[in-house]
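The following blocks contain the structures, represented as structure tokens.
Two complexes come next, and they have one chain in common, subunit A, joined by subunit B in the first and subunit C in the second.
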Partner chain A sequence: MAYLIQEDYVKYVCSCGQLKPITSLYFCRHCLKIRCGFCICHEVDSHYCANCLENMPSSEARLKKNRCSSCFDCPSCFHTLSTRAMIAQARPSAQDGASGDTKVENKQPKKTYYLSCFNCRWTSRDVGIPDQPVASGGWPERTNPFANRFNQLLDYYKAVAQLEKQEKLERERKKFAIRGKYITLTDKTGLTGAMARNIAGLPPSESGSSATLANFTPSQASAEVEELPEDFYTKEVDLKQITSLSQRLAAPARQPARGSRLWPLPKRLSVKRSQRCRACDHNLTKPEYNPGSIKFKIELLAYYHVPEVKIISFESVKPGTRSELLLKVTNPTGHEMRLRLLQPSDVPVEEEQPKSIEKSLEKSLTLEKVCNN
Partner chain B sequence: MSHNNIKILPGATVCEDCTLEGDITIGGGTIIHPRVTIIAEGGPIIIAEYCIIEEYSTIIHKKSDKQEVPPKPLFIGAHNVFEVGCKLESPCGHIGESNVFECKSFVGVDVKIGSGCVIGAACCLTASQTLSDNTVIWGSEHHVREALEKQPSQLLQLDFLSKVMPNYHRLRKPNVHKRPPAARQSQDSSVKSANNV
Partner chain C sequence: MALYEGIALIQEKQAVVLDLGTDYTKFGFTGEAAPRCIIRSEFWCPSERRYKRVHDYKTAEELYDNFVHMLHLLYFRHVLVNPKERKVVVVESLLTPTLFRETLAKVLFTHYEVSGVMWADSPRLCALILGTPEALIVSIGAREAEVTAVVHASVVLHAIQAQPLGAHAIHQELSKLLDEDNKTELKLPEQIIEDIKVKTCFVGNRERAVQWATGNPLMPAKSVQYPLSGRAAITVSGRTRELAAEPLFARDNELASLPDIILQCIIQCPIDSRRALAQNIFVTGGTATIPGLKARLAHELRYLVTQPPYCDRLSIREFRFHKSGAHDNSAAWAGGALAGAADGGARALARDVYARTARLRDWPCLLDNTRRH
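Take a look at the complex of A and B:
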């Protein structure tokens, strides 16, 4: 028994122990177990913009910082901005007369475009963004004041990731060497990746990354804070001009304090994800690739396999008396199903083997050591 | 005020299927959709030119205890848009121009409204207050914002409605043929249809 906006009265125990309504459960056909969003693998299939439904490969999405280049959100209320057209007033008639071909110019009224929010009626004109001659794209971008530091950090972490990868490769190679079962390219030829790069005339990847690691300066915490302006306590507050906390945090690079500094936010991309059972690696859901489609290629929802329990009526529980609870159980499958009602004491306790997160923790610790040296 | 005295100026499109009570003047170019309720129980209501009053909206000039004699009219400026289901319980006196009352919004008795304001969908103003020009109220938390300029006027929509409405609805006929001197000439002379119809 699950509702869209009401409370969920009937909850099911997932194999991981979580209580969930049937609408948010999956059923793995291969393990024959109920799974939920908490205990399955979420994998990103594709990036797309929810507004213009444009698909974007993940590398491009990463390059564009997971934002659409042609759609914007309202910086005031975060609703999607729409492009509105305006026919410009026939102002430049004097100039046209000078240039000669007046008739051609006058026949086509010039259209200009601006962004506008249908929810809070914010427009790009409010903050002085000039109207654009084309409907999409070409909106002025503001540079991130921390772009430099941002790129430094980005390079640093790329180098860290590369180092990590290399170490892993190395370790694997050693492992295989001990076993002597598999022969890698390096074993066969005595070449490492770095040597191969060297021979091919490519810039050595390793030294570059270690240089970035060495040159990196960590951020320094400082106790000195900019003084408040003198009239901070005396100046009258105009609440209409001051931005809210969420408005500031939506543009983390600038965090505008005044409404006149708001800027259209490039729309964040959405992802289509497929979900996978962790125990058997089979897909539980797999969406169709097309962003416009909301269908699934694979859709193992619990709703199709697990009997649905509905509470038809109940009596309030009083001590010492029996009260009646009427349940309706529906078998969603076309097959016979056996049902057993258990006393609370008979419910079997399932044990999940604890997953160790120590490994990854250990790895990050060793990495820190390497960087410090 | 028991008798109805409804003055419809030429160019106004007023559907027959609406409730008009009391002393009401409707300016040229104004469109009143069916199922609109306008009640002038506390004094006359004057609606200026080029307003759009959509279905199920209600405008009431409420009777009050400390009423002046003769009662002050409620003047609604030009280019106001009352969207579906909004309710205006007469703030005494004057409503400016180019305001938008979005769907299901409610404006109580003691609210004074300037020009270019937007009362967002389902926003409810009950406390006594004055909205300065270009105030925008939106969202369930009644966020307030100040717009830089007035809301764009709905001239295209007005034009369209005044052409289409007569095809589908019975209309009340304009009953005033001379412009009373009180009704000001609207600053927008671009819509020519209003005077010619």
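Take a look at the complex of A and C:
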């Protein structure tokens, strides 16, 4: 029997050899074997936001880096931020001087929105984010300070890899040319494509990549190292203004060290997973698409197929005497079921699963080979 | 041909980059400037009802389970993609235990069925984000500080230096100093110690360190009252704030302090590359973020090189330092993201190759480091 908070007293042997409570076991109808979370294949089924319960197609989720565009987490305590509306107060002193038309505009109270955390009272105003005229979206984003340099490097190394590939091809072509067995079109003319372009006075076809190669500047080392500011030795430390490590790491791209640089964190999406039997590739569970639903389209839980064993009472075991153990076995199916109690010595040794993982690997490899051929 | 390549590019799924550090794991996609998540290398273990660190293991089986759980967390909670048929770039130290990397390979290939794994060592990846031909990578991580010379994309293997001078050494010293400050044994959990370090500690300059050592200090920095939940606030004195990171610079007869091992690494490198290495020092790793550490390291190097035994053996007097093109804690990861994206994973160890040989190339292994005739 499985308990919510107590230890699991009755454990079942999964076909992979692991001992698990019945609540974390599956039963593959096609292999007629018990499976557990360890020996099945997990797959991402759909992306959704756990806050607004909005589904997101996986292509869009990839583009948005698995972040919801309308929900935010508090950068300070990671609680969900809520959007709060404010009727903008007409500020006569500032606007009167600005223009005469303001009085007309002021007649309609303008609503503005800001983000606020109910848990720790952090608001988007704390860090100077201007209030937004619309409730959803439009919040300014902060970017990675190193993104530009990274993209330069990426272009450079892509060009290097391209060049390497070309050189390799060239070498191979030469190898074949020496053998004289294979004659390609360029061999006949004695020209490579690049040489032909060169002779014709055309710019080399991969001008983009060679320009990247030429323009690349490696990082410049300097003798100056950023010194510790002198006021570090005299300044009071305001712990509230320094972010904790978890606050920094919640935004891996920026890692703000000061509280004033915290920025709302777009909420990370969650996924619904479907689970598959490794041996036969059939689905064991498949959730419903609707994020609000916790039901499954396919749900082959062991609980529905495998008799549940409960310990009703037991006596402590003493040497040389009989002890009583009262078990209750429930048949969850509507069909008759035969039950056999075995001596420990009669339990068949199963050595199926470790091999079957390798088998599935082999199987997928042969599949791969078939595909390649 | 270009057409086929285009199709291949569309079909090739964006690879993921995994940097499984002792304390923090960096995980994200190739071609992106920052990891998607930086989380503690631990997972909730339901059977033991506690968070379990990936690096806490006694047997290969336990490590296998740890990896399965950790990768599940990373794939399905953080980057939200299917591990199957997707390449992985593994960022590893050159000193990663064989058991660790082989178990990781087994989990990735057989349990998660990834299509290929590119094994990349962090020093060369760090050199990649600099783009210079020579680089001296000083990586200060959780457990160890590693000094590695990279010359023209090759690691000078015999010159690698590593000492247990990482975050854990600082935490130990900090907790000792805090006990002295508060005159009790505080027994603070590791996470609080880390938080105190992040928020209050810094590395003072050389002159101050010398004065602390001689026992007649200048004005210590301001002390901080650090609040604890459910307990009285504790005092973090200015002395503690300044001296917590001192073990990294503590010299004894072993000459095993951080600046010492940097100089020793340079001495053991080929003579024609030493000057270039000293002028291309790159200090990285999460622990390098402590304010003032890099400046202090520079001062110590410039001083030590004029002292015996180095003054006779090194004629270098100039040291230059690189400013990082990525956040300190994810520099090696960013290198992995570059390397994986540049050649589209062409260097990855494919699954079918692994299935045939079931072994990894490794530099200490004679099979891989002897020349074939």
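In this section, the second predicted complex is superposed on the first by the 234 of 373 C-alpha atoms of A that agree within 3 Å, B and C clash if a C-alpha of one lies under 4 Å from a C-alpha of the other, contacts with A are read in each partner's own complex, and residues count from 1 in each chain.
Following the convention adopted for this analysis, contacts are C-beta pairs under 8 Å (C-beta built on N, C-alpha and C of every residue); 3 or more make two chains touch, one makes a residue touch a chain.
For clarity, every value in this text was computed on a predicted model and none was experimentally measured.
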item: Subunit B versus subunit C as contact partner of A:Val225, first or second or both or neither; value: second
item: Touched partner set for A:Asn215, first subunit B, second subunit C, both or neither; value: neither
item: Which of subunit B and subunit C A:Phe150 touches, first, second, both or neither; value: second
item: Subunit A: partner with more touched residues, subunit B or subunit C; value: C
item: First (subunit B), second (subunit C), both or neither touched by A:Lys158; value: second
item: Touching partner for A:Leu249 - first (subunit B), second (subunit C), both, neither; value: second
item: Contacts of A:Arg121 with subunit B and subunit C, given as first, second, both or neither; value: first
item: Touching partner for A:Ser76 - first (subunit B), second (subunit C), both, neither; value: first
item: Contacts of A:Gly259 with subunit B and subunit C, given as first, second, both or neither; value: first
item: Overlap of subunit C and subunit B interfaces on subunit A (superposed complexes); value: 239, 244
item: Complex contact set, residues of subunit B against subunit A; value: 118, 120, 135-136, 138-139, 143-149, 151
item: Subunit A residues touching subunit B - in the complex, by the definition given at the top; value: 76-77, 119-123, 125-126, 239-241, 244, 259
item: In the complex, subunit A residues that touch subunit C; value: 38, 41-44, 47, 61, 65-66, 144, 146-147, 149-151, 153-154, 156-158, 160-161, 164-165, 216-223, 225-228, 232-237, 239, 242, 244-245, 248-249, 252-253, 255, 268-271, 273, 357-358, 360-362, 364-365, 368-369
item: Complex contacts: residues of subunit C adjacent to subunit A; value: 24, 26, 28, 31, 33-39, 68, 72, 76, 78-82, 84, 109-111, 113, 128-133, 194-195, 198-200, 202-205, 208, 218-219, 221-222, 224, 226-227, 279-281, 291-292, 294-298, 318-327, 329-330, 334, 337-339, 341-344, 346, 351-352, 355
